[in-house]
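Here the structure is laid out as structure tokens; the discussion comes afterwards.
The first chain written gets the first letter, and so on, giving A, B, C and D; residue counts start at 1 in each chain.
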């Protein structure tokens, strides 16, 4: 398995290239009896879908998912669920000119080194187009976790360039073109993005994602700690350069008295830890943040080399997102859902007999 | 496998508790023919060892590693390498008083929820004592990578509370009590830690770790990207709350023109990406940072609950590190070594036939 | 991963039900640069295909495979290869009558116990229809092994009921309706099967599969021995009840002097071991045999129970194979190819540096 | 992981060589709360132990197991269980003479090819001495399955050379020097083995192993079928050349009407399938058989080659078993226990919510 699967018991395996025939995923290990249909998955796919505003790539993809197996009479059977999304707006010819050159900041150069050649059409497998399947697969996990355990997973844009979100209002987020939960920042974001697009430049972003109602006990010490697995899953999203759990890097200049989340019979007094202690969920909200780099596809020329090692200048002409962080929110939610689902199953396996009478704090 | 193994081809499995009989590791998948002895591993174990300065825990452990198998006539045979470290300074009685209580910020509460009960002696399996085996196992990876590929893996303390390192001088680091590569900060660190210890408080820290001479091509898209696997491995270290690759969270407010690392025939012009593009090593130095929270074991009282859910006050009496980040450097190096080693083997497997004639840039 | 994947580095994941929309497979880990097209896979699919003679099921399926990803400009790229076969001759209504009953010898009863309900259309996921994807995926492994290493994998029917094959003539096999390599038995087989079909009964079979030109060294002691992995792969084929390597059960009454394969500078003097010693390939032909039970779908009534536990009588009306062993040959070849391919990659990973100057015996 | 681990959730990883310092195992994933001590494991270790009768190797090993971790106050904690057995009767000098030669039928030649060199002391890692750790680890699984589910796992010698067992009497087996459950064959076996030993030859054997009270539902289609995983686990035992489930190879000449196990409200009418249908346990006894080849270590000279490829004659002088099948019974039981335990945990994970009201037949 060359890296295209995630999850030990709830396993998602994906295939497909940006400008290939189709994208696919196999979801293996889903418990039987879950009511699911394409409609349950389409909502998040539409949230991730390109071309819905002028602030994202203009590629038009319906991203219509088909369930090919594993569901019978409206319910999961316990056997693998095959998912398929056909690509409809391939324009591979746009990319012929980059076949011999390496776009700086892209995976072109390293794919060539690794595999000896590459599918240069829009980045092929390295394109973030692949994340559509994660969103589809994650939708299954989301629904199960919600229905069986009341777990709610939600993300939002918390920073875009210099603009930081200050309040979280989920309704505002649903109406935002940027997954921004702070309505007071929306106009500022629009203006910033319009200016950026005119420049032909791109910008980074920070996305937060959280899960509530997670029971205490999920996560497997030592190496499969819940935070370690979340870090891996979130870092595997295209363009992510950093992952934090709870306070993250702010802990570097924190004192123990400030950071440790004290407990009372009424609950935890704070959540600096982000809902994970010793790699195991504590019952508090699980909180993670990711940093997404500015895309390297720019209308502004950059220095690079070609396959022969000669100096060239690159200008990216194709369609692309000036801020890949914008559409990252449903992807981050999906990855968190997949990890939590996997650990829920793992926990049930080993600790099936544990009948805890301990107090549950939030 | 309940989470105590890491690596797909170069696999490290550990066991052992803080105050149990022994710690052990099995290293499976090491190539045959590597000259190795206990002495090769002891150096890093001594760097991680407690009790070597007044700034770390006063527990005295020799941390003497034994190789029980997998090495014959001084060379690895290709079969699993059994490693053992006997605990010599257990004082489990120190911990009887916490058997019924939950130390805030520790894993006590969540282990109880997960497993129905716990080994309360010094945190049992959740103790950072477990990391000794990672260092031993990582030493094997380090030696192989150095010898076969010239790969050098080194870490250092880059920040402790408010004190930030400004220059990197490896010789200074070797002489530092804090793995601090900036001799001009040493006195400041001593003073800070002495004051902290008097207060009975603790502080967070940031550790950087880097690998040089890594060939381009390591890392498996999609989910097993090199950065994703590093994030998981580093986040699995006790007390880590954040992981960055390259510029990390600084990318949030970066423009594409600033962030993309341009290439020339002479090499890359910058390394914002931290040596990883599209999840694959680029040949540049691989650079990661981790944030370590302040330990929650404090001489200062904190509010908590006991197993019955009643409010209590906790004061930690045992021996502990006021800054767990100090001893984290060799652990972070070991985890990076294990991940790189694993991906080297994975890369060789699939891409054995690839004969790249492409230019290699640094 | 709930059991629908095989292989550690060359990984095949399948989905799909007998009467669902489609069958699919994802092949992950294939080395880059292999020339491959649908035509390379179709040959073996056609060999396995139902409805080609009166001795097999009359279900008509084109079994036309599509490659959806992982191949660019005619070559594998190193990224996952998505394969799809659409079902064209579903007749799920045929099976409505078995929705509430358990066919004896079938998986109906156990699926219901395991998952709480089941897809009763033709056995759903438990149908041997799933093996089409194995043949498609195995075709990729076959081609790589042949091209890079000269490895040839071939199987044949060695026994059907009381009729035992006595000579192996590959050309005869290619012309046989039964994968029978002994032309002198063909008429006997035809007569036997015609009589059997008239009775409405079924019969078991034995299939042998062998690989030649396998280099010595493949297989990972201890648990992933090559023979252990072959046993698992072959036993996972529907209806298989036994697996032998080399002489198999004949060794029970063999003496050491007879069984050990002596070596001379000119080669091994015998191959009782079937090409595997200590779980590692010896360079001799790898030889395995499998026993396939008679299908339980009969026109003759059998006693059973329904979902309510009441006694019923079952007669299977649908289309089925009177001897599932007949079409098993290409499936067994595919499974052997997948295992050898996986172990080739694993061997290259760990033992990349081994430069053996030892004599190679055949 | 180079093959020294088995089990997905209940994972056993072993290390150690025949004449190394120690053998070890790590058992990861055991549910918490199981009462266990060394004494629980020693019984089966003593059954497997060499040197207890004149019919087995005369090497004297106490095979005293130590539990190093994972058990606290007499109960498993849910964290990994470290097991250690020190070798006490190494005589590696006995083997200096085989360092340059290949014993026919042994793994010497293939290890050399695979790894470039080998630990020649008694076969090193390829020795069946390694199976001691399987028995120790399997003991944990056995106890859990017995206690939580009433599952009983028992094996016996069913054939040795030409001598076939005809009746099964567990009490007779406990008193037998051969794990023979048919007291009427004991004298015959003694005579046969005495004669064989005088000749300096060896003989094959067949061992049966069965599990009763296994609930229906264990096993994961498609590739991780219960029978497939049993086949792999049993084939991984040294010297095994064949595995059968239920009737095994007898099905080749069976008709469907004879083979399918009909069901009535009172239970199954037969158990040709060996308790597994479609890869899933049916609730009937799980029955497997293995064929063990005659050991190749003989006092009778055999032709072979040395490392230079020159013809030599080999006579094995060391201590060895004239019938390795004799001591295989507890090993086969252990492997079956490990597989069932793993699948019990896997089943609980995915199908936790399934509340079956279906009739359970035996």
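Please note the rule applied: a contact is a pair of C-beta atoms (placed from the backbone, for glycine too) under 8 Å apart; a residue touches a chain by one contact, two chains touch by 3 or more.
This is a predicted model, so every value here is computed, not measured.
Chain centre most remote from that of subunit D: A (centre = mean of CA atoms). When the CA atoms of subunit A are superposed on subunit C, the rotation angle comes to 180 degrees, reported as a multiple of 5.
By number of C-beta pairs in contact, C-D leads over the other of B-C and C-D.
Measuring from the averaged C-alpha position of subunit B to that of subunit D gives a distance of 38 Å.
Rounded to a whole number, the gap between the C-alpha centres of subunit B and subunit C is 45 angstrom. Centre-to-centre, using mean CA coordinates, subunit C is 26 Å away from subunit D. Of all residues in subunit A, those touching 2 or more other chains are 1-5, 8-9, 14, 29-30, 32-33, 78-79, 114-116, 125, 221, 346, 350-351, 354, listed in ascending order.
On subunit C, the positions that touch subunit A within their shared complex are 1-5, 7-9, 11, 13-17, 20-24, 26, 28-30, 32-33, 66, 68-70, 72, 75, 77-82, 84, 114-119, 121, 124-125.
Against subunit C, in their complex, subunit B makes its touches with residues 8-9, 29-33, 78-79, 148, 221, 345-346, 348-354.
For subunit C in complex with subunit D, the residues that touch the partner chain are 1-6, 8, 14, 102, 104-107, 109-116, 125-126, 130, 159-162, 201-206, 215-225, 227-236, 238, 240-265, 269, 272-274, 277-283, 291-298, 300, 302-305, 307, 309-311, 346-347, 350-351, 354-356, 358-361.
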